[in-house]
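Next come the structures, one after another.
Each of the next two complexes has chain A plus one other chain: chain B in the first, chain C in the second.
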Partner chain A sequence: MSLTVEAPPAERTGTSPSRRRRFGFHARMMAPGILLLAVLSLIPLFTVIAMSLSRVRLLGGVSFGFVGGENWARFFTDIDLAVQWLRTLVFFVLTVGLEMLLGVGLALCLWKIMRGRNTLLSLLLLPMFVAPVIVGLLGRFLTDSTFGLYSWLLGLVGYEGDLLGGTYSAFISVVAMDVWQWTPLIALIALAGLTSVPQPLREAAAIDGASGWQALRSVILPSISSVLLVALLIRSMDAIRYFDIIAVTTNGGPADATKVVPIRLYETAFRFFDLGYAAVIGLVMLAVTIAIARAFVGVLERKGLTR
Partner chain B sequence: MTAGAAIDRTPRRARIGVAILLGVALLWTLVPLVWMALSSFKSDADVTSAEPTVFFEPTLDNYANLFTGANDLTPYILHSVLAAGISSVLATALGALAGYGLAGSRMRGKKHVAFWIISTRMAPIAVVVLPLFLLFRGAGLIDTIPGLVLAYLTFNLPFAIWLMSAFFAQVPASLEESALVAGCNRWQAFRHIVLPLTKSGLVTTFVLCLVFSWNDYAFALVFSGPNSQTLPMAADQLVTQTGIDWGQLTAIGTIVVLPMIVAGLAVRRWLVTGLTLGAVTGE
Partner chain C sequence: MTQRRVLDRRTVLRGALAGGAALAGGGLLSACGGRQDAVRIATDDRWRQFAGTTLNFISENTAPTAAIAANLRPFTELTGINVNIITLELTALVQKVALDLAGGESQYHVIYADPYQVLAPYSKGLVDLRELATDSSLPGLDGGFGDFITTQLDAAGRFGDGEAVYTLPYDCPTMIWQYRADLFAKHHDRMSADLGFDPTPSAERTWEEYFRIAQWFNDNTDDVAYGTGHQAKQHDSLMCDFSNVLWAHGGDYFDNGDAIGRYGTVDPGDCRLDSDAAIEAAEFYRRLLSVADPSSRTWDWNGLAPALTSGRIAMCPNWHEYAADNESARPGDFGYAPLPRGPARSANIYGGTGIAINGNTLPNERMAAWLFVNWATSPETQLANLKSSAGGGTPTRESVYQLPEVRAAEQRPSAMPNILTAPAVTTAWEDDNIGLRPKIPMWNECDTAIYTQLSRMLAGDVSPAGAMRESTARFNRIIDRGWAA
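Here is the complex of A and B:
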């Protein structure tokens, strides 16, 4: 861009910097990042769309053989995949639901205490920083049937058996690991919402004779509802993104009990090297995330938070 | 828990209830981490004893073995530091410029650009891995550090742009305007007035980018090889058909987790803003 002449007077006063130039200062600041992002996101997007319409060969150099809608036709008749989507939905509802419930509960408890809140919060936040792959491996360690600490504890109350070996118990275990890792995020966001509830509002509720439970339901929760919605959407988008915990604990097993869509995608792409069909699965996942992202941006706009 | 003593107008019974709940939450949260750290100092026999051992003869063998055996951990650490570090520095730098532009810009279609950025950030990793796998194979980027850096930029760059723009939006426009009136050019006003005011934003963005990429497993699983394996892959590789050396694994786990905990807690004040991509501000 050879548009850098000397700065026009309008720009010096800072009233309307972008009016004088074809590309204003802000656009030029954005350019490097946005261009790199475009390269990093659009080229892969077009590639994955092309993949979904092809049979991809890897041997002797990557080559695409156009097959039209063949992969997509398979998608609509794939019963296994439908089951996996259903399982993903159950996993999603359980983890995100529990995390919201426990996270908000935890935030309310923290909100009630005055001394030591920051220290306590810091300790409770620790799981968020743990690499999901470590969460999964640590889960395996704790639930090992011969020397796992949690298996031993469960043995004390009469439960014997390999937690990750049974279909139901494996599913519950991976849900529990996800809940362990991400409940703190919800608690953190909810607490930020609670601390910004204006004091007069709380006092008014107390004067009106509202019991603790009534005040919570009719005054406090409604006033943090938009914050909770943000927490829900952020967590939802990430819940679809991540699959590391399942990958290193059960990798979809036993007997497909924990095979969610991302695990299926990896298996299709990198075990069976059916990259065309994997691309179809991926594009559908992308569509779901984009729908949630739309809702997220919608919330921000209603709150006037997008700039 | 005795931490929560001072509560106004809350009945005693409720206070005890809150304390118990927090105590349970604390146990649920910390026991796995403490157990991991403890186990990393145990001998093999103590790690795999059927009865959990709390009192034991501590040993540094697990850590020593990580750095002396055939599978030296040093290159893994180096790869992790390089891949996560470079991608985070690049993302934060470009994100600061672009975020400033996005916050101040009044162009048409800005909403669409913003939406595009956020949907790039939220794209499932499994979906991004597929095309990158083919593109990287073509470009010879499989099993290289630049390949991992690019892969991490796919989520760190949109995150950094979006978050930095949220931080820039909080800087009053009048400050920049008075700098311009005082004779600064636009770059000087950005560099010397606006940027220093978003120092906490820069640090938060950098730390969160670092955590995301340091903890990555999904990309490293597909793209890394002998020349680029990162720490999470080192942990993964200890899981073999013949069994798992849990002493070493808990030691690696501790090494992976500790720096991120320190970095994460260092920016705790801005974590809410960072992790909600600027949608919620705390404290």
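Here is the complex of A and C:
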């Protein structure tokens, strides 16, 4: 974003041309908003940085006791946290990957359907409108071994275990809940992209004898790749902060199998009130999120899609 | 010639802007300014001197608070004080209380102070209630501090070496053995013959016998799917469930565990979970869970209770206040006993809590809050809670248990279903039988360490000895970091 605008003639306002160039009309109009944003973002950021170098006391008013790099040293030697980052990465790849695959697949199916598409789309989008915490509660009730519908159905086919009781099954269950909720968003974005693929392009591919798979791979997917990249960016930013469903269903268990970094952050900050160390975890999460966003924006820039 | 003052548009806008800024600034200043204390009225009625005051009481969403909320009118009529009750899940409550104490305000005047998550870390932010109890201008405690069950007053009300009392015991959930008395009666003779002992639950049974009873139900009857169920989710409940077995086997979290559980300390010393007794307890617990309902690993206390009432399991250790739900679901089908003995003793973990007054309250607010704390823990209110259809726990005062109508209610049919557990919990609260987890300010983190390792043990990721040794190492690291309130 550029704030530089063409400077008005100096004699009309009596201010120096150089100052005018730096703070033009638009800049002055935007300044209050930008200042407000800076206050809202920078003060908390610097506070969190200060917290990461401190031991925070709560009683008698919040106070910071400087401890230098103690919290950061702990961060780099915390094996549990390293495992939780790895688990978060696996979770991220699984959820975002499955959502992209299923979302694009569903969008392609919907795209081919001429009659009843809107009704089907409305049904498909329903999970997206449910709050994540409600999705978690629903998942917990449906998989409850005493009265859960899914448990009963699985019992009919011979599965006697408890979905949220096993380490692998619990992890797969929370992945499935996230995929159930957010695949429709990818489907919606992909469908919007598909409807904008030019008809002549598809006709040309057909005339050239391209099979369905060839047309999809060489014509359709490249045409919607930029839209898919935006969808990927949106979901990636969310997946790295995934919290609600796990907090409601497994709370990180069993045996830490579903403890991802946001759960650890919450636990450190609001159960242990170890706010200094929580600040370190939070800052690293922020850095990772920014890095992911920058990577996607970089790809979009290379494709010339940010202009 | 006088120049006529003209109000142009720009001047009007500037005026409006300045006026708005002044109003906003004034509002902010008044908001940041000194808080106003409650008004004290000159009256001979010590209960009504703060009439018109509004108090905020923050509590966990427990049955006793549900009963208090449903029965607030007598307090308002007695004092003229209005009480807003905010009920939350315990974790959320701890966050709100910590932030309220940090803010230096007293948004919450009366606090449900869990001994391990609020009292131990934040006792310095709470009022010593002895000052208010001995203030002659205020109503004193009916029966005095001595009327509260002694172990509960110490465990829920005090912290550290001093004599200060920060909370008055308000509820007293304690884990006991809950079982389907109808099934035990039905199969009694067969079980006795097969097992070689009288299976009727009592303090004389051992954990080993409990295990065999559970296995017998698994193998010999279709009345229930499993003999026993447990609250073994990776959650505080898993620590509670395991602690009964740990203490019964002679293990403990720290040396001098009884005193640390009862009075609390900031420096408990080295962890003792790597002792032979603790490892033996962990081995038994893993064996016990291997015959329990597999869903136990997903249940906390709220998941376990319906498993018992729905007929899925025949018995379980759970908080005694679930008796009301049991009796409501299957009247007359349940029995209650202290938990089994181990090689060392019977241990029944106590999960009671007191109510405290925020140390940031202003003098009159504090005295008004005392009226509520006093009333909410009074024998009359505890008796009313026992009868409440909205829930209610069991009393924390000795005198209530001695009332003829309460003693009569210990037998079926009972209008006070929770009191059916009185014989079991009275035994459970004896010094030799009560189980008190360490009352240390960093307990939340230690709790997470032990229940995570136990969860790993139950999942087969680590051996019982490995889980106990790893827990010990983590406890020691947490203790070494110390605590800054």
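The rule is simple: the second predicted complex is superposed on the first by the 257 of 307 C-alpha atoms of A that agree within 3 Å, B and C clash if a C-alpha of one lies under 4 Å from a C-alpha of the other, contacts with A are read in each partner's own complex, and residues count from 1 in each chain.
Heads up, the rule we're going with is that contacts are C-beta pairs under 8 Å (C-beta built on N, C-alpha and C of every residue); 3 or more make two chains touch, one makes a residue touch a chain.
Note that the structure is a prediction, hence the values are computed from the model and not measured.
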Quick check for you: in the superposed arrangement, does A:Thr146 touch first (chain B), second (chain C), both or neither? both
Which partner does A:Val62 contact after superposing on A: first (chain B), second (chain C), both, neither? both
Between chain B (first) and chain C (second), which does A:Leu124 come into contact with in this model arrangement: first, second, both, or neither? first
Counting only touches as set out at the top, which of chain B and chain C does A:Ala255 meet: first, second, both, neither? second
Report for A:Gly161: first if it touches chain B alone, second if chain C alone, otherwise both or neither. second
For A:Ser211, using the defined touch cut-off, is the partner it touches chain B, chain C, both, or neither? Pick first, second, both or neither. neither
Which of chain B and chain C A:Phe272 touches, first, second, both or neither: second
Does chain B (first) or chain C (second) touch A:Leu185, or do both, or does neither? first
Comparing chain C with chain B, which touches more residues belonging to chain A? B
Quick check on the superposed pair: does A:Ser225 touch chain B, chain C, both, or neither? Answer first, second, both or neither. neither
Chain B and chain C footprints on chain A, overlapping residues: 56, 58, 62, 144, 146-147, 270
Residues of chain A touching chain C in their complex? 55-62, 65, 144-147, 160-162, 164-167, 250-257, 267, 270-274
Chain A residues touching chain B - in the complex, by the definition given at the top: 7, 11-14, 17-18, 24-34, 36-37, 40-41, 43-45, 47-48, 51, 56, 58, 62, 105-106, 109-110, 112-134, 137-142, 144, 146-147, 149, 152, 180, 184-185, 188-189, 191-193, 195, 206, 212, 227, 230-231, 234, 237-238, 240-244, 247-248, 262, 265-266, 269-270, 275, 278-279, 282-283, 285-286, 289-290, 292-294, 296-297, 299-301, 303, 305-307
In their shared complex, chain A is touched by residues of chain B numbered 3-7, 9-10, 14-15, 18, 21-22, 25-26, 28-33, 35-36, 39, 47-52, 94-95, 97-107, 111, 113-120, 122-135, 137-138, 150, 153-154, 157-158, 160-161, 165-166, 169, 176-177, 180-181, 183, 185-187, 190, 211, 214-218, 221-222, 231-232, 235-236, 239, 244, 246, 249-250, 253, 256-257, 260-261, 263-265, 268, 271-272, 275-283
Once bound in the complex, which stretches of chain C touch chain A? 91, 94-95, 98-99, 101-104, 121-122, 124-125, 233-235, 293-298, 303, 306-307, 310, 312, 442, 444-445, 448, 452, 455-456, 458-459, 461, 484-485
